[in-house]
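Each of the next two complexes has chain A plus one more chain, namely chain B in the first and chain C in the second.
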Partner chain A sequence: MGSEKVVIIGGVAAGTKAAAKAARENQDLEIVVLTMDRHVSYAGCGLPYYIGDVIREEKELLVKRPKDFRADFGIEVIIDTEAIKILPADKTVLAKDLNTGEKRSFAYDKLVLATGASPFIPPVEGAKLGNIITVRTVREATAVKKLLSERDIKDAVVVGGGMNGLEIAENLFLKGIKTTVVELAPHILPAHDADIALNVQKYLAEKGIRVLAGTAVKSFIDDGNGDVGAVAAGEELLKADLVVLSVGVRPNVNLARECGILLGSTGAIAVNEKMETNLNGIYAVGDRAENINLITDRHVWYPMGSTANKAGRIAGINLAATGAEDTMQGVLGTSVLKLFDLNIAKTGLSERDARALGYKVETVLVPAPDRAHYYPGSREIVTKLIVDRESRKVLGGQIFGEGVVDKPIDILVTAISFGATVDQLARLDLAYAPPFSTALGTTIVAANVMMNKLAGKFTGVGPLALKEKMAAGALLVDVRIDKEYFVRSIPGSINIPLRRLLERVDELDREKEIILNCKVGLRSYLALLKLKGLGFEKVSILEGGLVAYPFETE
Partner chain B sequence: MGSEKVVIIGGVAAGTKAAAKAARENQDLEIVVLTMDRHVSYAGCGLPYYIGDVIREEKELLVKRPKDFRADFGIEVIIDTEAIKILPADKTVLAKDLNTGEKRSFAYDKLVLATGASPFIPPVEGAKLGNIITVRTVREATAVKKLLSERDIKDAVVVGGGMNGLEIAENLFLKGIKTTVVELAPHILPAHDADIALNVQKYLAEKGIRVLAGTAVKSFIDDGNGDVGAVAAGEELLKADLVVLSVGVRPNVNLARECGILLGSTGAIAVNEKMETNLNGIYAVGDRAENINLITDRHVWYPMGSTANKAGRIAGINLAATGAEDTMQGVLGTSVLKLFDLNIAKTGLSERDARALGYKVETVLVPAPDRAHYYPGSREIVTKLIVDRESRKVLGGQIFGEGVVDKPIDILVTAISFGATVDQLARLDLAYAPPFSTALGTTIVAANVMMNKLAGKFTGVGPLALKEKMAAGALLVDVRIDKEYFVRSIPGSINIPLRRLLERVDELDREKEIILNCKVGLRSYLALLKLKGLGFEKVSILEGGLVAYPFETE
Partner chain C sequence: MAEILINARGMQCPGPIVQLFKEAQNCASGDILCIEVTDHGFKKDIAAWCRKTKNELISLEDEGGVIKARIKKN
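Moving on to the complex of A and B:
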C-alpha cells in the first residue's frame, strides 16, 4: 500500500499551513510543497515593518525554513520551482526549476493550489522604470531595504492608499523620506466609509504624509538614467526617486483555469466550504480562493492573511482524509491597521455597502475613551456602528483612534457572527477594570447611543452632510464652554455653552434647523433634550462631535 | 398635575447612573439622590491606583460633583445623609443628616435602592486597632494616602487575596512598602482555577510580594499605642504598621429587608429583569442586587462596577416610564485585573464551578503570543478554555500573561453570550495585522487545540496533576533543544529534543506512561504524534508547557 501523495503549489501562509496541518493529521501522507520563491512560510504582513526597520532582520520574518518542514513534519519543500501545468487526468503537476530550467513532474492524489495573488501593475507609461517596485515578497522587501541603504532616496510616491500602501508610506516616512500617497478613489482606504477614511487622511496630513486622493497617476517619468524621477499625478508633477505600487492584487488563477478549474464571479477560484474546487482531489486556499460573506451570503474575495491561514488549516484537515472534516465559515472582511499612533479597524458591511445592498441603514458615530479617563494612557476612539433598522441587527462597524481598536472590533466580529442585534450588543458582560476599559466600554456606549437613535430620541447629522445643511441655512450651535470653543471650533458655528442654554434660548430661531455640537456628542444630546423640552422641533446633533470631525477647524 | 418624584438612595455608580438616565429619559421627573458620603459618582475601581499615585489627584476620581447633577440634569443630590427607614405604605423615605442629626422625610413615586455593599470585617481579635482599614470610598483612600505621607509605613499586610486586595497590595508595594498578602482560601483569586491563580501567585512572589495562601488571620496585635503592630497569621507573626482588610463585601440590605423587600438566595436583594423588587415602584441596582448567571440561569451576586452601571441605566429607563423598557441580561461574572505587568482575565464558569454543576468538562491550557512574534512588544499569554464535551459549548475562559488579555476575554464573553461552540469560536473572522495579533489569534489557536483534544488527537496532563503522575512512575520527557532545557526545566524531567526523538526512541519504556513537555505544547504535540505513530499508547502532553507551569523549575 503506497502512501497518498499530496502536492501543494505555493509556500506562504495558506500553502504551508495546509501542508503542516495535513502532516499532523495523517503521518502516512507524502507531502511536497512547490514554491517559486526562495523563502517559504514568511510573514507577508510584516514586510512594511521590515522596510521601516521596526523589524530589523530578514530572518525574523521567516517562520520556518524548508529544512524545518523536513525535520518537523517530513514535508519536502522544493524552492525556486514553478508549477507550469496541471494534468488532472494524469493527476500530475509539471514544474520547472527556475535556476536550471529543468522540468520535473510530480504525481499527486491530492493537490492544493495556494499560489496566492500577484500585485496589479497599472497600465501607465513608464511603469517599468527602475526603482518602481511592488512589495509582496521578502525578496522584494529586501531589495527596497538595499536601495534605501545604498542610495540617497529623498522622495517617495506610494501609488494606492489601501491598507498596505499606507503601511508602506508610514514606514518610508519614518526612514526620513518625503512621502506622498496617490489614490484614485475619492479617499484613501476605499473599503472604509468616507467619514472614517477622511479622518485618517487628516491625521496623515498632520503627521507629514501628503495624500492626493481622487487623483490618477498619468505617467512615470525617467530621471535620465532609466530610473523613475517623477510621477505625473492629476495636475501635478511629483518628484520621486522611489515609487511603490500598491494598487491591489489579482488572484493567480491561470494555472487553475487552464486545467479546467472553475472561477467564481469574483475572478478568484470557486471552492466549496471544504475548500475543494470543482475538480476531484484539488483544493484551493489563500489569496487565490473565494469566500462567502457571512452577512450577505454572497461570494467575496478578501485576500487576507488571517483567512488564508484558516483556509489552509481546513484544507489540510479535509485532504488528510482521516475521517475528520472541517469547513470554512463565511468571512466578514475584518481588517485592522496601525499608522503612527492611529489605529483603524473595520468589520462587516460599510454604510455604503449596506445601503447598496438595500438595507434600511442606521448609523452612529460615537467617540469614547478606551479606558477609565483617569487611568494613564486613556485615549479616545470613535466607533461607527452600522445597523439594520428593521431587524436591529449589527451589519458592520468601523473604529479609529489612538486608543485600542482591535478589542472592540473583535467584539463586533464575534457579535455579528452570531447575528447580534444592537440590543444584545448593549448587554454584553464585558471585562472592566480601569487599566483596560471604562465601566460600560466603548462598544456598549455606542450600542446605547444607537438604541436611543432607533427609539427616535435624537436625530443626527453626519459630518459629511454638515456643510450642505449649513449652506441651506442650518445653525450650528457649539454647546461646549467658551474656553473649549476658543481653542478649536467648526467654521460658522456659534457658541452657547450647555449651562447657559436656557437663559440664552431666545437667541435661537425656532424656525431654523439647529444642529448642536460639542466634543463627543453627550452635551449636544443634553442640549437637544432641553430644546425639545422647550418645544423646538428642528433640532439635531452633529454625530461624533469635534472628535470625529474630519475637516478643517479654526 | 404634579411631576413624578423619584428618590434614589446611594450615590456611586448604579445610583447616579439611574438618576442621570431617568432624567434624560423624562424631563418631568423630580429626582433626589441621598448619599451618606460626601462624594458622589466616583470611580470606586480606581481607588487602588489612587493609593499608588498612578492617579495623583482625588478630583480625577470624581466623575461629577453634586452641583453638576443639578446643572446638567436638574437632579438634587443630598450628601452626608443616611436613609434610615423606608415606609412603603406612605411611599416615603426617612433620612438623617449625618452632620446635624436632623431628620427629613422624602416622598417618592419611584424609589431606587443603590446603597451598594459594605466591606466585611472579619471577627478577629484586634480588628478595631488603628491603621487597620478598608478601602471602599474616596474618603478611606484619601485617609490611607494621608497615613502613607505622614507616617513612615514600612510593612503592610493585606488580608484577602481577591482582585481588590491584590490591586491594593501592588500599589502599596510600588510605594516602597514591604507587603504580604494573607488569603484563607488555598490560593489567591479564589474565583479562578488553581492552575491560573498559582501562576499569579508565583509571579507576585517573583516581584517581591509575599503571598500566604491557605492561611487564617488569628489576631491583630497592638503596637503599644493602639495601632496595629503585627498580624498573627497561620503560624507566623507578620510585622505590620498598616493592615488593609479586603476579605469581600456584603450587600447592604438591612434598610430593604426591614420594609419587607425580599432577598434572594444569595443574600442580595431579589429583582426581576427590569430591576424591580417585590414592592411596587421600588427598584434595586448595583452591588446590592442579584443577577442571573447567563450560563446556568441561577441567581448569582457579582458586585462589579460594569454590572452596576448597566443595571443603573436599565432602572433609569424603566422607572422613567416613558413607554420605553429595558431589561437586564444575565451576567457571566467577567473580570480583568492588572498586577504589575501581568494581566489576568476570567469569564463564565471556572473549571471547578463547571464540574460542580455536573458538566462533562474538557479544558485546555494554551500559551500563544498576543501579536506577531516579530513585532516589538509581542508577549505570551495563556488561555484556559472550559468547554462542555457534550454540547461543545464554551462555558468559560481564563487568560493570563504579560500580553493583552482583555481583548480575548471579551471575545469569549461575546461568544459565550450567544451560546458559541468551540467550533464556532475557531471560525471567527477576527482582526489581524502584525501590531495587533497573530494571523489566527490566541482565541482561535486555543479553540483549535480544544477541537484536537475533543477529537481524541491527544490527551493532556494538567500542571497540577503532574507531580502525582510522576510519583506514580510516569516519565516526563522534555522535547525542547538541549540549550533550552539547561536554562530551565521541570525537576525530574529528562531531555530528548524533538528532532532526535526517533533515533533515541529506544530509551523510552513503552510500558510506562510518558508525559511530553516543551515550552508551549506544540513540540510536545508533534512528539506525541511521532510516538503514537510508533505504537506508543500511554503518551500525553503537559498542558501549557513550561509557560503555564506554576511551580518551581530548576
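Moving on to the complex of A and C:
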C-alpha cells in the first residue's frame, strides 16, 4: 500500500493546524493544502492591529510561509487555487488555478474542509462603491493600510458592532480618523447581555467613538467618483470616506453541500465529535463547521480562532489514522476583547440565552478590584455571574473593566467545563499576593454574592430595570456620603449616608419600594440589612452600584 | 502660594474624596493641591469634583498605577 493522500482545502488556522498535526502524527502521509489566498497560516485575529499600526508589517502576521510547510513538514501548499468541485465517489477534488485558469484534480484518501467563512455583505444600495471594504484577509487589510497612507481619510463608518468591528473602529480612531459604529441590534456586542454591552458603549462614547445602536444602514452614497461619500443610517446621513463592513460572517458551505455533505441546523457543516462529516473520509473544521455547546449539548456555530485551532488539531490526529483518536466534547464560545484600556470577556450562556433555554436563572453584577486595592495598578472589574438556581451550576459569566479579565474568565471556563456549582466556585484555592489578586479574588467575591442572593439574603434590581421601577414609584436611596453624592449620582436619587440611616429612617416610606445604591454594592447591602432589621419589607439593592451603571449620571 | 501634598494611596471610596474636601477647605485661593491615589475610579471623580467646585484641574497623570492630580484652588 502506498502512502495515504490527504487533501486539505483552506489554509488559514484550522486547515494548516490539521495539516501540521497530521504530518507530525504520521510521517508517511502525503499532504496537500489548497488555498485561494496568497497567504497561509496567518493571524487573522491580528488584522485590526495591523490596520492600526500596532503591527507594522505584513510579515509580522504570517505564522508560516508555504515553503516553511514543505521544509518543516513535507506538506505541499498550493496557493491561488480554488477547489471548485468535490467528487466523493472518485475521491477527487477538482481545483482551478486562479491566475491561469488551469484546472487540476487532486486524489485523496482523506479530505479536510477548512475554507472558513466569508464576510456577509448586507444587501444595501451602494454596497459595491469604492472604499467600502471587509477585513478578513491579509490582502484586504493591506489594501486598507495603503488607502490610509495614500488618501486623507477623515471619517470612517464601521457597520457592525461585534467584537471585530469594534477592534477595527478602535484602530481607525487611533489613526486620527473620526469613527462611527452603526449596529442594527439594540446594543453593540449583540452576543453579550445588554447590562454589559451598554457599559462598553458608554466607554467608547467617552473615548470619542460614536455608536449608533438599533440603527439600520439604509444606503451608501456615492461621492461622485464611484467611492463612498456618506452613509444613510437611521435618520442620519453620516459623512464617510471609508466604510468597513463587519456584520458577521457566513460559513462557506457551497462546495460541501453540492457534493452531499450535510449541514446542521446552524447552516454550518454538521460534524461529529471527531470532526467527521456524514461522508466517509471527509472532515470539516474551523469557521465553516458546527460545534457542540458544552452546557446545552446543542449545535452551535462559533467562528473563533481558538476553536478552529483545536478542531484542526483533532481532525489532524484522527485522519492520521495511527490508532490514536481525539474528540472535541464541546465549546463555550469564550471570548475576550480589548478596546483602548477596557477589557471585556465572556463565556458560557448569556443571561438572555439561559432564559430562552428555560433555565431558572439567577444573576449578580459585582464590581471588585482585580488586585489589592492599595497596590499601584489595581483596577476595578465588574463580574456578571449567571447561575441555574435549581442545580446551582454556573452557566456563564461576563466581565468588563480596565483590570485583568482573562484570568477570571478562564477560571469560569474551567469551572463550567467541569460542571461546578457556585458553591464549589466560591471555595477554589486561587493564587493570591497583592500584585496579582485580592485575598478572595473577584471570582470568589462574585460567587459569594451569588450564594447570598440564592439564600434570599437580598434581592437586586439590575441597572436596566431601574428606570422602570423608579417610574412606577420606587425610591432610589444613595447611601454613600454626601461628598461622593455631590461628585456623581444617578438622576432622581436621594442621599442618606449609611451611617446616618438609622437617625433619618423616618424619611423613608415603608409602603414604597426602596432601592439602595452605593459605589459597588457593599454599603447598599449593609443598608439593606439595617432596614430589614427595622421591618422594611420592600427593599432591594441596585446591582453593580454606580460602577456598573451604564447610563448618564449627574 | 503653598503646595499641599495629600497621600490618599491605599484609600478606597470614599477616602480620597473626603481628604480632598477637607484639605481644599483649609487652603487659600491659588494654592496647589497634589493628591496621589491608587483607586482608579478617582480619575472620573476628580474631574467631576473640579468641574462642580470650580477648581482648576492642572494635570492628571497615571504614574505606574498611581493617579496623581494637581489642582489649583479657586
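Quick note on the criterion: the second predicted complex is superposed on the first by the 554 of 554 C-alpha atoms of A that agree within 3 Å, B and C clash if a C-alpha of one lies under 4 Å from a C-alpha of the other, contacts with A are read in each partner's own complex, and residues count from 1 in each chain.
Going forward, a residue touches a chain if its C-beta (ideal position, glycine included) is under 8 Å from a C-beta of that chain, and two chains touch if they have at least 3 such contacts.
Being a predicted model, the structure only gives us computed values, none of them experimental.
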{"item": "Which of chain B and chain C A:S306 touches, first, second, both or neither", "value": "first"}
{"item": "Partner chain in contact with A:G377 - chain B first, chain C second, else both or neither", "value": "second"}
{"item": "Which of chain B and chain C A:V547 touches, first, second, both or neither", "value": "second"}
{"item": "First (chain B), second (chain C), both or neither touched by A:F436", "value": "first"}
{"item": "Touched partner set for A:H39, first chain B, second chain C, both or neither", "value": "neither"}
{"item": "Which of chain B and chain C A:K393 touches, first, second, both or neither", "value": "neither"}
{"item": "Chain B or chain C, by number of chain A residues touched", "value": "B"}
{"item": "A:R136 touches, of chain B and chain C: first, second, both or neither?", "value": "neither"}
{"item": "On chain A, the residue positions that both chain B and chain C contact, one per complex", "value": "374-376"}
{"item": "Chain A residues within the chain C interface of the complex", "value": "373-380, 402, 480-481, 483-484, 486-488, 519-520, 547"}
{"item": "Touching residues on chain C, where the partner in the complex is chain A", "value": "9-10, 12-14, 17-18, 21, 38-41, 44-45, 48-49, 52, 64-66"}
{"item": "Chain A contact footprint on chain B (complex, rising order)", "value": "13, 24, 27, 43, 45-46, 49, 54-55, 60-61, 71-73, 163, 294, 304-310, 313, 324, 328-338, 343, 345, 347, 372, 374-376, 404, 406-407, 409-411, 413-415, 417-418, 420, 424, 427-437, 439-441, 444, 448, 455, 498-499, 525-526, 529-530, 533"}
